[in-house]
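Following this line, the structures themselves.
Heads up, the next two complexes both have chain A, just with different partners, chain B and then chain C.
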Partner chain A sequence: MKGLLALPQWLWAQLRHEVLVLPSRSFVFFAALLLLVLPLFYDDPYVLRIITMTAIFAIFAASWDLLAGFTGQVNFGHALFFGVGAYTSALLSHHLGWIPWITVPLGAVLSMATGFLVGIPCLRLRGSYLSLATLAFPLILTGMLFAFPDFSGGELGISGLKRLVVSTVGNYYVAVLPMLILCFGIWKIGDSNTGLIFHAIREDEVACRASGINTTRYKLLAFALSGLFAGLSGALYAHFMRVAGPSALEVALSFQVVIWGIFGGIATIYGPVLAVFLLYPLTEILANFDMFKEIRLLIFAVIVLLVLLFMPQGLTPWIRDKIELVCPRCKNRNVFTRHQCRLCGAELR
Partner chain B sequence: MSRKLLLPAVAAIGLVFSQAVWSQNIKFAILGPMAFVQGENHWAGAEMARDEINKAGGISVGGKKHMVEILKIDTNEIQSVPDATNAIERAITRDKADFLIGGFRSEAVLAMQEVAMDNKKLFLGVGAAASKLGINVEQNYERYKYWFRASPTKDVDLAKTLFAVMGSVAQQIRTDLKKEVPKVAIVAEKTAWTEGLIKAAQANLPKMKMEVVGLWQPSAVATDVTAELSAIKRAEADIVFTIISGPLGIVLGRQMGELQLPAVAWGINVEAQKDGFWQATAGKGNYVSTLDTYAEVESTPKTIPFVKAFKARFKKSPIYTAATYDAIFSLKQVIEQTGTIDAEKLIPAIEKMEYVGTGAIVTYDKRHDLNWAVGKTSGIAVEWQDGEKVPFWPPQTKGMKPFKLPKH
Partner chain C sequence: MFQDILISGLVNSGVYALLALGFSLIFGVARIVNIAHTAFYMLAAYALYGLLVIAKVPFLLAIPLAVAAVVALSLVCYKLVIEPVRQHESAVLIATIALALIFQESLLVAFGGSFRGMPNAIEGVVSIIGVRVSYQRLIVLVVVALTLVATWYLLNRTRLGLAIRAAANDQEIANLMGINVGRVAMYTVGISVALAAIAGVVVAPVFVVDPLMWLAPLVTMLAIVVLGGLGSLKGSVIGAFIIGYVEAITVFAVPSGSYLKGAVALTIMIVVLLIRPEGLFGVVFEEER
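Our next item is the complex of A and B:
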């Protein structure tokens, strides 16, 4: 009996002392909870579809942040990984008849391998040269797909794919659950020793090498991990949409993820995720109002520009700095209403 | 009844009444990229159909008249495929559309088709030509039977039309220029969709007693093709077979005129279908010809009145996506015939239907594609002659004018 009670007690203690003490963590916790229970009391297929798509793109945005935000390898061709995941899963499903539960993970694995392979030539490049080089990769893959239309479906892609589950609510959970787990996992990677090295590579790669760290290995690891998560999101996208086409490799998608990343705040993981949850449904919400239908993309652009103008670090760091204070002694965060640090007791202001 | 109760009671009755009237409308969701010319024509065609039907009292369903309501659904499909699927989901589940009409970009329409089929909604395609849409119906009838391609004909049939007109142009060259084997230069923009047509042209033209002198594939956004055209001039081509959907069509037309190329351009040139082509080429686009859908000729008895009314209302000629007009009227025909808006009962009626539209005489095959026939669904061919877009094919259609060759 005592053992049975130990787990809930531990969970409650963690929740009380690690999550509910900070507004940002509380927000993420309750938002995740809301996402998990939403279909139980609101099952509008249109809303569930938008959130499903948002969840898929949130994984994609978080994967970009791991590579570009944490490691500083700013990728302008991130749609490559998304497309590789989508096409691998679609082609295996279409040509071999394999079920999506097998092809989706395989799509992610091949995308991880692609990340590793793409990372090799990119090791020699830095800054804007790296970004421009990465821009070329999805274009090359698109050209290859068009060169073999009988195999790849050419301009139309592969359509009529099977879904992982049939029901709308089922599809919702197929996207939302992996999103919550993977985004938490990516955030933990960023918070780990490996994440610290990623940070160090971004800040000063030479110093990092001088400290005895094999930066080549870590940069390749960042490419591979980023490819894995982006590939999984691409594969989920293909089976949710039931189509994997050249639009999964479009330059527009690569830039879209950069916008999400910068809008939300890079090197945060939760920033790009929140950005997707704000920006992706925004255009849909605007489409529901006649007066905004025609100018919704303009409104979208104005909002992004205003945020970047007044919050150059991105939305989430700006909000976080308003609602939380960093302890000058122990560097831990506290809710802005506190006068003393919750951990070391130092004066906060 | 006290005054206090009177107002809410009247309001409630009014609300109930307005709900009843509202629910009597038959809703057609018009799906298209509304910021682009294709979507504008989707909507314009639908507006004309709505106004004409409602002016005549609406659609009779089992003896009861229902007004037509059209919903403008911007799919943004040219820029985003997910936007298109979200839009069609919204039209079905939020706006409660009874019928879906439109679509343009094939990849997006394939994705939208899946959403429509999931919801068992009748979807009349007006804009996408990819064969795959119809193949789906043949391969899995129970799932995809709700799809019909109302316009244009599928890509394979478009090719049939292209070669049929090519044969006619070549024959005129043989007769007028005494050249038994006309020379053809293929100019296709460097995009994926042109590949199939290029292969078909290279295979079929020699069989049609024409010589292919070369293939040129400039970029879809090239701003100068004088090098290609100079080479074509040196090769003494009589026909420039164009496979162009983008602004390259204007560049080609203008520079053919500037170089005084003694050849006609025939094929697909979407820019040449537009009224502004002559101005865009600075008056140099003579002898450029292209496939088209509408002109003031008697493709059907309804064509001329429709084109005139469209021009009068919108101050421009309709393009092929304005066939939403025909899609709505064809549905009106089967709804009145069957007395229902139930998709399951309408499908067999649509499969058997013959509908005389404004641009085609519509009958469907087993893939729910239009049956292709010259003069019925093949569309028309037009040639720019001294600033006017002149229809010249099929020659048996009333109102067609002679095709002109450049001076040699």
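Our next item is the complex of A and C:
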């Protein structure tokens, strides 16, 4: 009996002492719960469809943050991984007739390999050079795909792909469950020792190397992991939209993910995810109104611009600093109503 | 075919050189990666279209008006949007992306998404070494050459140019020497956008204008700037000629080359970066170790 109760007790203790003590974590926890139970009482296919797409892009944005935010390798060509994932999965299922449950993971794995390969030349580049050079990779791939239209479908791409599952609710869970698990996983990576090294590489790579850390290995790891997650989101997207086309490699998509990442606040993981959940449905919902249909991207850009003028570090760091305080002694976060740190008891103000 | 490559490469390279030079200037002085740079090029093309076709302004008046309007707009944008967030590099980056999107969408609303052509300044063609070249393309070449010379003169023979180069070299020391770095940055934005706007108005009659015309030159321009070395003006011009000719050769000499021209140009950029990570003429910035 005691053994049976140990797990729930441990979970409850984790929840009480790690999640509910901080407003930001409680918010994420309840938002995740809401996403999980939403289809049980609300099954409007249009809303579920938007949330499915949002979840797919949330994985994409989180993977960008792991590479650009944490490791500081600001990637302007992140659509490459998305496109490689989408095209690999689509080509395998189109030419070989494999089922999506096999091709989607394969797409993610090939995208991881792509991340590793792209990472090798990027090791030599820093800062703006890296950003501008990475912009080129998806365009090179687009050019090659266009040059072989029989194989890749050319400008139209490959359409008529099978979905992973048939029902709307099933598709919802196919996107939302990986999103929750992967984003939590990426956040945990960012919180781990590896994440600490990623932070250190962004802050000062030379000092990092001087401390005996093989930065080459860690940068390649960041590229590969980021490629893996972005590739998975690309493959999910292709099978959800049932088409893999050159739009998955567009400059616009690369810029979109940069906007999401910086708007939400870099090096936070939850920031870009929140930004996707705010901005993507916004543009989709605006498209319903005739008067906003034409100017929805304009509204989107103006909102991004105005928010940045007031919160140049991004949305979530601004909110987080308002509702949480950092303990001056142990650097742990506390809710702003406390006067003493919840962990070490130091005075907060 | 050889002559086609020669002329079309020369025209494209000239336009790229103007764009890349402006981008380099603004990056060197203010460290702004201005994604909206080619959006200003597009705005100038549209301004010329509006003035020529809709308002029926004569050509010689329309060109300076269009350039001046775009430069004024860029200064307003810089003051309102970029300057308040200058301290935050990432915020500046997406502010410029957002600006470019705003321009694109505004033009889409105002003019629609269709391709629009406009009349040439002077109709007719002339034959040079056996190639028929339209007068408009000759105008492009002459204007580009004059602008490049004028920019060189401004940067190397005037006090403002000295201040710009000093600020690009070391902001803090320039400030200590009594240069108003903020104002120099402002002038640089003006000059840089003026270069893009000139490129826009001279090529508008040659190409057609559409609200997505800023994306293709943006990528090429960034490739050129990285190839030549960020912040290096000489590198930008030489890089523009390399990429311009590589594109022309790919288009004319390789089967399905028009699809591959971007890919080939970008591959060359990456190969150069692998051999020289700081570009052909790049300088290694001390603080960015």
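What we mean here is this: the second predicted complex is superposed on the first by the 342 of 349 C-alpha atoms of A that agree within 3 Å, B and C clash if a C-alpha of one lies under 4 Å from a C-alpha of the other, contacts with A are read in each partner's own complex, and residues count from 1 in each chain.
As a working rule, a contact is a pair of C-beta atoms (placed from the backbone, for glycine too) under 8 Å apart; a residue touches a chain by one contact, two chains touch by 3 or more.
Owing to the predicted nature of the structure, the values given are computational and were not obtained by experimental measurement.
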| item | value |
| --- | --- |
| Clash or fit (per the criteria above) of chain B with chain C on chain A | clash |
| Partner with the higher number of touched chain A residues, chain C or chain B | C |
| Which of chain B and chain C A:Phe146 touches, first, second, both or neither | both |
| First (chain B), second (chain C), both or neither touched by A:Glu294 | both |
| Which of chain B and chain C A:Leu15 touches, first, second, both or neither | neither |
| First (chain B), second (chain C), both or neither touched by A:Val251 | second |
| Chain B versus chain C as contact partner of A:Ile323, first or second or both or neither | neither |
| Chain B versus chain C as contact partner of A:Ile213, first or second or both or neither | neither |
| Chain B versus chain C as contact partner of A:Arg242, first or second or both or neither | first |
| Which superposed partner A:Asp44 touches (first chain B, second chain C, both, neither) | first |
| Partner chain in contact with A:Ser159 - chain B first, chain C second, else both or neither | first |
| Chain C clash site on chain B (candidates 77-85, 275-283 or 383-391) | 275-283 |
| Set intersection of chain A contacts, chain C complex versus chain B complex | 146, 252, 294, 297 |
| Touching residues (chain side chain A, partner chain B) in the complex | 44-46, 49-50, 53, 146, 149, 154-157, 159-160, 241-243, 245-247, 252, 283-284, 287-288, 293-294, 297 |
| Contact footprint of chain C on chain A as seen in their complex | 74, 121, 124-129, 131-133, 135-137, 139-144, 146-147, 206, 251-252, 255, 258-259, 262-263, 266, 294-295, 297-298, 300-302, 304-305, 308-309, 312-314 |
| List of chain C residues in touch with chain A within their complex | 27, 33, 35, 81, 84-85, 87-88, 90-91, 93-95, 97-99, 101-102, 104-106, 108-109, 215, 218-219, 222-223, 225-226, 230, 256, 259-264, 266-267, 269-270, 273-274, 277-279, 282, 288-289 |
| Partner chain A, residues of chain B touching it in the complex | 34-35, 72, 74, 76, 79-83, 85-87, 89-90, 93-94, 106-108, 110-111, 113-114, 130, 132, 136, 140, 191-193, 195-196 |
